[in-house]
Amino acid sequence: MSDKIKIIIDADPGIDDAAAISIALNNPQLDVRLITTVAGNVTVDKTTINALKLVKFFEAQVPVAKGAALPLLKPFEDAARIHGESGMPGYDFSGYGEPINKDAVTAMYETLMAEPTPITLVPTGSYTNIALLLRLHPDVISKIERIVAMGGSISGGNMTSSAEFNVFTDPHAAEIVYKSGIPVVMIGLDITLKALLTAPSIEKLSGLNESGKMLHALITHYGDGGEQRVPMHDVNTIFYLLHPEAITTKEYWVDVVTEGPAIGETVADIRGAYHDGKTNAQVAIDIDTEFFNEWMLAEVAKMK
Amino acid sequence: MSDKIKIIIDADPGIDDAAAISIALNNPQLDVRLITTVAGNVTVDKTTINALKLVKFFEAQVPVAKGAALPLLKPFEDAARIHGESGMPGYDFSGYGEPINKDAVTAMYETLMAEPTPITLVPTGSYTNIALLLRLHPDVISKIERIVAMGGSISGGNMTSSAEFNVFTDPHAAEIVYKSGIPVVMIGLDITLKALLTAPSIEKLSGLNESGKMLHALITHYGDGGEQRVPMHDVNTIFYLLHPEAITTKEYWVDVVTEGPAIGETVADIRGAYHDGKTNAQVAIDIDTEFFNEWMLAEVAKMK
Amino acid sequence: MSDKIKIIIDADPGIDDAAAISIALNNPQLDVRLITTVAGNVTVDKTTINALKLVKFFEAQVPVAKGAALPLLKPFEDAARIHGESGMPGYDFSGYGEPINKDAVTAMYETLMAEPTPITLVPTGSYTNIALLLRLHPDVISKIERIVAMGGSISGGNMTSSAEFNVFTDPHAAEIVYKSGIPVVMIGLDITLKALLTAPSIEKLSGLNESGKMLHALITHYGDGGEQRVPMHDVNTIFYLLHPEAITTKEYWVDVVTEGPAIGETVADIRGAYHDGKTNAQVAIDIDTEFFNEWMLAEVAKMK
Amino acid sequence: MSDKIKIIIDADPGIDDAAAISIALNNPQLDVRLITTVAGNVTVDKTTINALKLVKFFEAQVPVAKGAALPLLKPFEDAARIHGESGMPGYDFSGYGEPINKDAVTAMYETLMAEPTPITLVPTGSYTNIALLLRLHPDVISKIERIVAMGGSISGGNMTSSAEFNVFTDPHAAEIVYKSGIPVVMIGLDITLKALLTAPSIEKLSGLNESGKMLHALITHYGDGGEQRVPMHDVNTIFYLLHPEAITTKEYWVDVVTEGPAIGETVADIRGAYHDGKTNAQVAIDIDTEFFNEWMLAEVAKMK
């Protein structure tokens, strides 16, 4: 029990968030202390409902706290074209509970401060809540073990050729995270566009169990074609927590672009030329894709 | 009683903050519901102590809540060279109380939501707390009457030739405020460098009463020479609340510069050429300086 | 002869350019070697015709070379609303000659390189030609004595509250000039909005001589009201060359804003806080306005 | 003869520039009218000497004109760490001729204006000369068929994770090119890092002829290891001119980042979401690498 990895998931479910949360809630090595929500793939009202649906589906004893409805400065632009109007389309969940009566930032703060040892934050949406937490409660920094964050890219984006969705959604929040001094593991498009769930893997999901049916339904409703090889972006964060040996990382200084045509991009100083040899992030650059597929199926197979 | 102006002062005392708070706490037309503090002239620990000293000095029944220690993104740069190491040098206050057990953002949120009618926010430091409030609790917007903010300039700065101290300290927070849709009255250097307290006015202060002695002590300890004509920047917000007729304003669209050499500047579209005729602020551009001097002395004269 | 000040005027006439050029062509202490033109108040085709009209009017032996039609990067925005469609409205010039068969940059280059001693450049439009010259022919730098440039402001703009027209027109060119290492005297709105030609001075102009009639006609056609106190922006450069004792300057580091809402602004590091004590410009901050009026009338009185 | 492709090469040789120029000078379908030089891999004095060495080596009747020594605004940063101190290390050229007595911009202008039909520009260094040409002589635009430019990337950089060397060297010049309205074919790292010359190909070069020996010598002196698979960046432009069918392109709007951490990056609006459906460039995204290797060897085999 004592060697479980304690995490807080800060998410915008979202199809791939749903898969990440599902695995995290069911894996015995992970201890999910709190799920917080943020606007992203769809509005925060919807991402909160979606998180609550998953918690109820798995009958998990994990509080859900609703977070930021808007990025810090950039106007909000959702991704409903990809994730559907609801954010988790295609499966009929049997209701959902209530979020706790605290906002995400307060909930994160109290959860972190109550723990004797630091906790890992796992943002799979934009980092607005975490940025607000760091600015409102700077004493919390010593309670954060590290931030394993889906987002960014050093090899091309999906919003523009530069910017990945989560960082693009709130680049100022991302800049706060990368300049916080907290260790950051950047799980970006550099690996998540490699770790594709293959068509056979997707097919197998539906036959595993009810959880597999649910995930199969969501995944095949991806707005950009979910029947072929599909990225499972957010799932890579959970995979990294459990199997860091299957992901190659490099230490870089990472800046975030907050203005201009590359807004929302993460820029790594790949030659170590511009930041006096300093680094602020471990950037995931390669992944064992075959193992990722096997692992994800095995994780779902253990669910209800 | 019902026609009092309800305000929350969000300050970084600071000598001129001290004068503004002193007048606000003693003027019967103003109902100060809360004082929140922020890093600025000195650290937030010090500005909180300073706010508490003033509350105790006047035996006021106003809660003080401690706020942000750091700007949202820009590295913090204090103004201790102007306001002294303590922020309120030169007078020996007889102790101070405790801040309430809530952070500034939560305190503002609860205070605002508890009121039946909207309240005016009066920031006299950087706007970090208000920016955090607006992002964390967007439902609060309907509870804010307007924001009468010391900060900015459309005629030259005091940090660079472009930027005024409060906006320079946290330009991203200022951008959030100016883009919030809440009515903003910009009380900037355009008037505060005109509304100078003259040497005779300063001299008279010390003879008025204990409050006058206290303010005289602070003002004559201004790091950039407080014995000649001295700006009372933050006091202009309180003056405006009580005597809007003595200040000329113009409606403009105001942008905030968050990057580059003009960082921290407020830019007004003075020709109405670039924002489709829209405006987001009333910018104070002229003030009756003589009346300001008379008024300030009269306000202090009524104190203990 | 040897103590004449050799200058090249790079202008966008423009009413105040016309006044500046008129004085320069007639003052015996100035040796105008070349007039180059640039897009600004109106298109470069029109500013070239206007420069040629002035040269013919005064039967001056000064070549005119046509320059840049567009700023380096910023889209072109003229000021015909102020200077009329032609740029020099209200006076019927009797024709004009031809520009020389060389572009402005080549003409400046050859003129500068042919001189044994360095020459002063006097831009009264945007600095596109000079920027192109410096990049195309960097060996010319040692041939430039200094640049006495109308443009910029450290106390508020006329395009936005930040930006002055000449620098706003081509901020990238201005940045090249300010970073060139060549001594720059910034003659900005800080003095040109003080050195107003009074209504009596304007009235007197028309009675002096034909030149006075011509300038009176132009000045009273200013699009923003030319019958009351009127700025003579560009004339201040010539005044400075001849009477530097009547203008107060301060040494500052000046940056130019090339992006964002303050685009086209000059920013002075007025506290010497951000550039290691380095300076790159003398910024004109005060002027003897009364003397300026007397001097301008006296200069015109000596004309034909 | 009439169906030759007329080109001007604007280069910073540079090892891969040398290979590109060598092929262009020897291929009968290409008519190289002019070679201009620019600072980049090494100083413009050195790149000019290097271009002259190649012209003499092949006894080509092509004028060489020396161009810009510095980028428009960004401080110059060479790549001698990759291309050696001289820019073309490892082969002993038997002397070189003289550049023509005209600067690159004037030479390009006169060459272009003298032709009855438009010419293709092929920049393989930074685009400073072309930017200066477009601003100094806007009438030249109708004489430019298109610009086939090595530079940029939409899938990760080589200076930072964002920026490719040529665009990084002078981003403002690149922005001028991309906003010029002239058709641009972007030959960026997206293909040049795929079109690697294999070790066997490199080995074969030295046995072909003297030209092969020369190119083999240069290529094996690449500072970042020239004995394994090596990118031939600039050669891809010539390959595209002759074999467009072997390169896949997509139409995008491309912006250039001129400030901040992503400075020097090209950003493509890959979803067509932000520029009203407009495009300004054909971006090369895939290439037939095997054919590229065969073709390059075949081209060299035809040389002396």
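List of remarks:
Every chain is named by a letter (A, B, C and D) in the order it is written, and numbering of its residues begins at 1.
Please note the rule applied: a residue touches a chain if its C-beta (ideal position, glycine included) is under 8 Å from a C-beta of that chain, and two chains touch if they have at least 3 such contacts.
Since the structure is predicted, the reported quantities are computational estimates derived from the model, not experimental observations.
Both copies, subunit A and subunit B, contribute mostly matching positions to the interface they share, with over half of the numbers common to the two.
If you average the Cα atoms of subunit B and of subunit D, the two centres end up 57 Å apart. Note: centroid distance subunit B to subunit C, computed from Cα atoms, is 41 Å. Contact with two or more other chains is made by residues 258-260 of subunit C.
The touch graph of the protein chains shown is complete. Across the complex, subunit C meets subunit B through its residues 154-162, 252, 255-262, 265-271, 273-274.
Across the complex, subunit D meets subunit B through its residues 259-260.
The touching residues of subunit B, counted against subunit A in their complex, run 68-70, 72-73, 103, 105-106, 128, 131-132, 135-138, 172, 175-176, 179, 258-259.
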